[in-house]
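Read through the structure below, which is laid out as structure tokens, and then see the notes.
Naming follows writing order (A, B, C, D and E), and every chain is counted from residue 1.
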Amino acid sequence: MRDALLTVRDFSVVYDVDPPVEAVKNVTLDLRRGEILGLAGESGCGKTTLAYGLQRLLKAPAVITSGSVVFHDSSGEDIEVDRLDAEQMRRFRWDKISMVFQGAMNALNPVATIGSQLEDVFEVHRPGMSRAQRREAVAELLEIVKVGPQRRRSFPHELSGGMRQRVMIAMALALRPQLMVMDEPTTALDVLVQREILRQISQLRREFGFTVVFITHDLPLLLEISDRIAIMREGEIVELDTAEQIWTNPRDEYTRTLLSSFPRLTGERGVVAR
Amino acid sequence: MTAVQPRPPVEDAIEVGTTATTVVKGHSRVPWRFLAGRATFYLFTLWAAITINFFLPRMMKGDAVDQYLSRNRNVSPEAADALRSLLGLDTDKSLLQQYVEYWGLLLRGDLGVSLLHGLRPVTEVIGQALPWTVGLVGFATIVSFAIGTIGGAIVGWRRGSRLDGLIPLTTFLGTIPYFWLGLLAIALFSVNLGWFPIGKAYGVGMTPEWSGEFIGQVIHHGALPAATIVLASLGGWMLGMRNMMLTVLDEDYVTVAQAKGMPTSRVLWRYAARNAVLPQIQSFALSIGFIVGGTIVMEMVFSYPGVGKLLLDATNAKDYALMQGVFLVITLSVLVANILADVAYAFLDPRTRQTEG
Amino acid sequence: MTTDLRPEQAPEVRSERTSGRETSLRGRLGSAFAMFRNRKSITGLTILGFFVLVAILADVLAPYSPTKVDNTARFQPPSAEHWLGTTHLGEDVLSQVIYGTRGIIVVGFLAAILATVIAIVVGVVAGYVRGWRSESLSALTNVFLVIPGLPLIIIVASMFDDPPLVVIAAVLGLTGWAWGARVLRAQTMSLRNRDFVQAARANGEPLRRIIGNEMLPNLMALIAASFVGTVTAAIIGLTTLSYIGVIPVNTYNWGTILNWASAQGAFRQNQWWWFMPPGLCIAAIGVALSLINFGIDEYVNPRLRSAGERARAMKKQGLDVNDPVTVVRTTTSHQENA
Amino acid sequence: STGQGGTTGGDPTAEAGVALTIAKPDGAITTESHNPYLGDSSASKYGYAKVIFEPLALVNPTGDLGTTPWLAESVEWNDDYTELTVVPRSGVTWSDGTEFTGDDIVFTFDQYLNGTLTDTSGLNYEGATVDGDAITLKFADSKYTAQSRVLHTPIVPKHIWENIADPNTDPLTEDGLAVGTGPYVLSSWSTESVTLTANPDYWGGELAVPELHYISYGDNAALTTALVSGEADWAQAFIPQIEDSYLSADEDNHFLASPTAGAATLFMNLQTKPFNDVALREALAWTIDRQAYVDIAREGASEPVWNVTGLGSVLEDEVIPEFQGQEYSVDVDKARQILTDAGYTWEGDALVDPDGERVSFSISVPAGWSDWNTEQALIAEELNEALGIEVVVDQPDWGGWDAARQEGTFQAIIHWLEDTGNAYGMYTSTMDPKWIVDGRAQFNFGRFEDPAVTEALNTYATASSDEEREEASAVLQTAFAEHVPAIPLGAHPLLGEYNTRNYVGWPTEEDQYASADPTQPGIVQVLVNLEPAE
Amino acid sequence: MTVLEFDRVTKIYSVRGAGQIKALDDVSFSLTSGRTIGLVGQSGSGKSTIAKILTQLETPTSGEVRLDGEPIPRRGAGLRAYRQKLRMVFQDPFASLNPYHSIRYHLERPLRLHGVVPKAEMDDEVRRLLERVRLQPDAVVDRRPHELSGGQRQRVAIARALASRPSLLVADEPVSMLDVSIRLGVLNLLADLGREEGLGVLYITHDLATARHFSDEILVLNQGRVVESGPADDVILRPQDPYTRALRAASPDPEAHFASLSGSDGGAL
């Protein structure tokens, strides 16, 4: 179909505590360029760990115990993420892979304006840019996510939850990365706002053509928006298939349990039937 | 207070965002009501403190003349009455009358004369001592705060390293009695090693002037007391900052900063420490307020001129005017420090600007 | 009416460890003191307990009366008869230190109890009620923050011919509660709107039960911390006041010993046996109290506890907490490292 | 060398022409006032008023108790000591160049007359008459017991002071106001020290010390440290363990304690139990170890008072023959015998009075007066050990102590005496009802009252002949020995620590021409007497 | 049969610095035993405010709440009796249980306060309550809240609300914090109670799908106003108000999604 962007082989993460927690076990995964991969599973199954682990964002006591992650850059170069040293990793981050974090209130520095937090990214990764250029880039980003450049001077708490989430998305977009990992970007939000943000993400993806890993445990939502869905349970990917296949023909027992756990919105009363 | 705003019907629910109930926007940026409330609050505190400060000393046993006689044994006890009228203590006004008069004088900036200091105006007496207290202790407090906070940030950041040992060490230094520390410091550095003078603010025969020599002297003389104050108070700042750092380091925005590829120093100072320092500001303000009163022991041990000894002596000598004067300075500085803390906090933490409660 | 909806698999009640569940009273007590159940607190409590014991058993432990004058044995360095030497009057320093513990413990604890009780009453009430009542209580708190404690102590002490320790403790307590009240007020205000307090109200619980049974237990750690803090402040206050001679020096405490030592030039004469023990005792009790406080802090905020330990434990495994990059330790590279 | 501001520091070699640093333990003296009449002006607190403003004559409070005319060429009292005739010294100029004349003396005293200056010394001055050179100052009552109060009145220049509105309080801080006849003139004043330089035109001749620094340390301990390190040269301080901590630090360090007529005295409240019984007081007098007071509480800086008349060594001559050599000693058996005779018994170790009550009392001294605090402990221990009296050591703050002594609510206190330079001080302080006004006592705290004694006191004070005075003195001494209204412990000493590194000529044990206390008026005598060391 | 009427209630909050907020605007409905009313609306629309007014934690600015035609007493025994009849399950199971007290304490308090059973039977009653919410009494009764999972806590909260044998229950988003798989169990329990014991339930949520399935009637709240109400299926399947429609459109519905899909790759994004 499409060519691969990220190849994950036999990837395991252990929290080296007593007793050790094997949060991600031998995950093998191919991420295709431009697709939306939904990652679902009950809470605590290792979704966040996997997503963070891919770009080695986990702090000790987390240890990657096996596997490899290879990033196929659009320039044609293959980057072996697990071989990078700290400085290379720092450069790699955000430039190639960016993230939208779970709680936007907590993901933004409460004492800095959103403008300065956005500029930060350029300052560090694009040292060549002038101050004016950075300003302009920030204004453009805020425009894109419909927060509006006039909000540049606002502090996070002055924005609504939805706006904050959009600022996070703007930040993730800043360097036009090839992969965006979104960890439950909408769970804290209202359905209406959630919908609006999803619409925006889809629009931006069409524009910029990045790949999305979308994490949530809201299966109905995932079924709607993803190309492919991976179902995780206790650190393992138990099923990985297209959304339709998952919906119509779930193979794993656990997937089936999940799918039978939400009532119908329309049609006859009762749990969803496939 | 504004009236209930009629809410216009919302066309597009999505546009509204999460707050389905619109907060009335465009209210004045300056929260006058809040400020007025704070001002009333502070004025009340000031009034109450001054009133207490007026009545408390007058509940003490003994009076200033007896004290004067015991200090000046060459003065004939037979002259007690003459002295009483000389010192203005022969009035038979009621306490309430005196209180009202005190306020009258206070509002005119007249703090009376100090019996203990040759009947000089209290303003002059305090004016001579205050700069030294504020200078030395203020400086030491700032240094201690700065070192403690920066150190605490680093210790918190490099948790688990050998630096962790600094916390118990500084705590220990903070718990040993200050005078002990001071006396040992003098014994070691002044008497045995001779590196520093034994005390005083500057050398004998010097008169204050803006010369290099004088400033050098002031620094030389102030170094040991300042250093002991810093040592004794460092622990609190360091521990506070370190604990806040540990809390802040687990916040998402620190992880986000790292995910954004920020260099370590930037994450440490701009993200983590910048947030962790906020609660320190409050304590700092309070400690600034207490500088004025809290240094009696240092002044005794290091023969340093200052307000603390002034207060102690005034209390012992029943020098009401001077006591009240020093109280006033302490009260004012605590209040001013509190106001400054309010302002600084609002300035440093944008969140409080809105949701002050 | 409603359709019965059963998931294919009923969510199981997770089997959690039922390790030796506590039964009511013992368990309650245990949990009430849970904040002291860590190594730091226990070390601190042990040291403190030691001093409390010394204070209680002073009569038994002290080899001499603290005021037993012996003109023939002045300024003696430590010896078999006088383990910590003697003072300028030939008094036994060890006995003075032992008896001096009493004043310290009595004043420290009485002052702290008083200050804590006032802080709880004023702070919690100010936090729970609203409007002018809350504001006036907090104004009261501020006034007490502003009043200088030292003159107050001198003034009150002067009202008594021979101010007993209780009075000194009372004054130290009266001037020391404001800080705790402030902290408790803030915390109570945040507790006030917590759901479980609301739930208790919705339950119809009377006010005193809401404050006493729902809020206080949750303020316990804070109260304990403020108590310990006040003990420290009172002890340091007492020794300082004794040292500068504001408090009568005939009631022996470590501050008065130091006062005497300093007045008699022990510091200059390197009569360390005289001034070191009380100084070190003050430091020891100070350290003990801060250890307890660390323990409480760590109980309230487990991060404080785990951060350092975890980091050290990781270090042993070759991990650095601050490493912004996840360590890769595949079996092969791990072996290389090892 | 600490080498600050020209102090001599610890220079090993003697250096002429270096400044002398005089130190006090009074904390920073930060407010400037050169008024010699005001007890709490910086000039009085430091004591530098005494080297600027000079008195008519200097009365030696120690040694021979003699009087040395100073600004007066001669001083002479009339028989009943109500008139003082002085001849002003000629050739003296004020430090601003104006000539010193008798007018200045008259002006100085007349300030008391017209009420511009408060009579804090209780002079009751009535006016002066001038007869040629001689000026006669008249007083309302006999000044026999207050000679030094009259003679030590600082003489101020008329031409300056006549323009001063309130001589009680004026700080004299404006230029050209702090003008005196003294050996030194003010050079600079700062919150940390005061510098005075030698007066080049001083009438007393050339001064060896060109410059004086006055400095005040935070407390006794800091002052001692400064003395030991050489940062300060001369002070009046109670230094504990003085031998080890000061004298042995440098062989040039010296210490002189000069006994005076005053004494630290145990006052007992004669009005209430247990001290309303003379037997108990006497027993105490036979038990309390005055030598221990001197040796331990005062570190040797005093002299014990053993004589039954309560008079110490400087007043030995005044003791009537009957009591010469009649001394108390520590004689516990005797004390117990006195008690037994008076009906006291012992219950185990505890003393029980004739009423069957256990004897106990509290002895009270303000907290922080460490020498007397020590003595409290000593007395408590001695009395408990020897007589089985339980003594409660009470250390209130000054105010509480002061109230108790004035109102007579104490049981026992240690207090100083009024020093009149003769036996009168001892007896008026302990037995004179004149001190009790409106029920409040300024002295005689025990409230002794005996008409015969009162009369003898009046006679002593106003007598116009020595015989009359001796008779009165005999009555007083007998009454004192009989009633034991108070127990003097040790002479009040004037202390002085000084060093001979750069200057010699100080008062010594052998030659106490003045005390070595730099805060005493006699400082000018010492300064004039100093010479560069070899 | 108990009827609770919520009659034209308006609630205005004064917020310092932000003026006044109208949280409820002229809201009326009535709750009867044995029936479930679903109250939906997005965050901040005033749902919890209704619950708080019902439980007398807040007083309405205007309007009235009546129980069987009687106004609700403001204090004293009357209020206690009312609180026994109407109980509430709080929005957040993590916050509404006091971390300091054991589960037993939480359940015994209402039993004691309202004198439901004699002291001797207290223990049995606690066990019965726990069993009712399908928790094993032995396993949980002496634990404290933090030792339970979210689902278990939620059930304890429900058990507590049921302890005083109320006839009406206000359940404020009782499942919002729970995992999909646990959610259903809790809701089924409430449904059972309504059926078996005639409990009237006010089910507050913003999840349209569960609201539809567990309630007889649905009230849609927007900015403090009831914009639509009626039988559950009517409101969800045939929404009249634009806001209800927007809400419905925003709720994911995989069935409709896959039905409309013709197997192509275009996701919603």
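Simple rule for what comes next: a contact is a pair of C-beta atoms (placed from the backbone, for glycine too) under 8 Å apart; a residue touches a chain by one contact, two chains touch by 3 or more.
Bear in mind that the values here come from a model prediction, so they are computed numbers and not experimental data.
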>> Under the document's definition of touching, what chains do subunit A and subunit D have as common neighbours?
In response: B, C
>> Farthest chain from subunit A, going by mean C-alpha coordinates, please.
In response: D
> How many angstrom lie between the CA centroids of subunit B and subunit D, rounded to a whole number?
Replying inline: 42
> Which whole number of Å gives the spacing of the CA centres of subunit A and subunit E?
Replying inline: 33
>> Can you compute the centre-to-centre distance for subunit A and subunit B, using the mean CA position of each chain? Integer Å is fine.
In response: 49
> So how far apart, in whole Å, are subunit D and subunit E when each is placed at the average of its C-alpha atoms?
Replying inline: 89
>> For subunit B, give me the residues that contact two or more of the other chains.
In response: 13-14, 18-20, 60-62, 183, 191, 258, 300, 316, 354-355, 357
> Which residues does subunit D have that touch at least 2 chains other than itself?
Replying inline: 221, 225, 228, 397, 399-400
> So which bits of subunit A are touching at least two other chains?
Replying inline: 57, 59, 90, 190, 192, 195, 257, 261, 263, 269-271
>> Show me the residue ranges of subunit E that touch subunit C in the complex, using the header's touch definition.
In response: 36, 52, 55-57, 79-80, 83-84, 87-88, 90-92, 95-102, 109-110, 113-114, 134-136, 139, 142-144, 147-149, 151-152, 160, 179, 181-182, 184-185, 187-188, 191, 194-195, 213-216
> For subunit C, which residues count as touching subunit A in their complex?
Replying inline: 2-3, 5, 7-9, 310-311, 314, 317, 319-331
>> Quick check on the complex: what are the subunit C residues that touch subunit D?
In response: 67-69, 71, 74-75, 88-89, 91, 154, 157-163, 245-250, 259-260, 262-265, 267-269
> Which of the residues in subunit C end up touching subunit E in this complex?
Replying inline: 1-7, 9-11, 13-16, 18, 21-24, 27, 31, 194-196, 198-205, 213-214, 217-218, 220
> What part of subunit A is in contact with subunit E in the complex they form?
Replying inline: 36, 42-43, 190-192, 194-195, 198, 201-202, 205, 212, 217-221, 223-227, 243-244, 247-248, 257-258, 261-267, 269-273
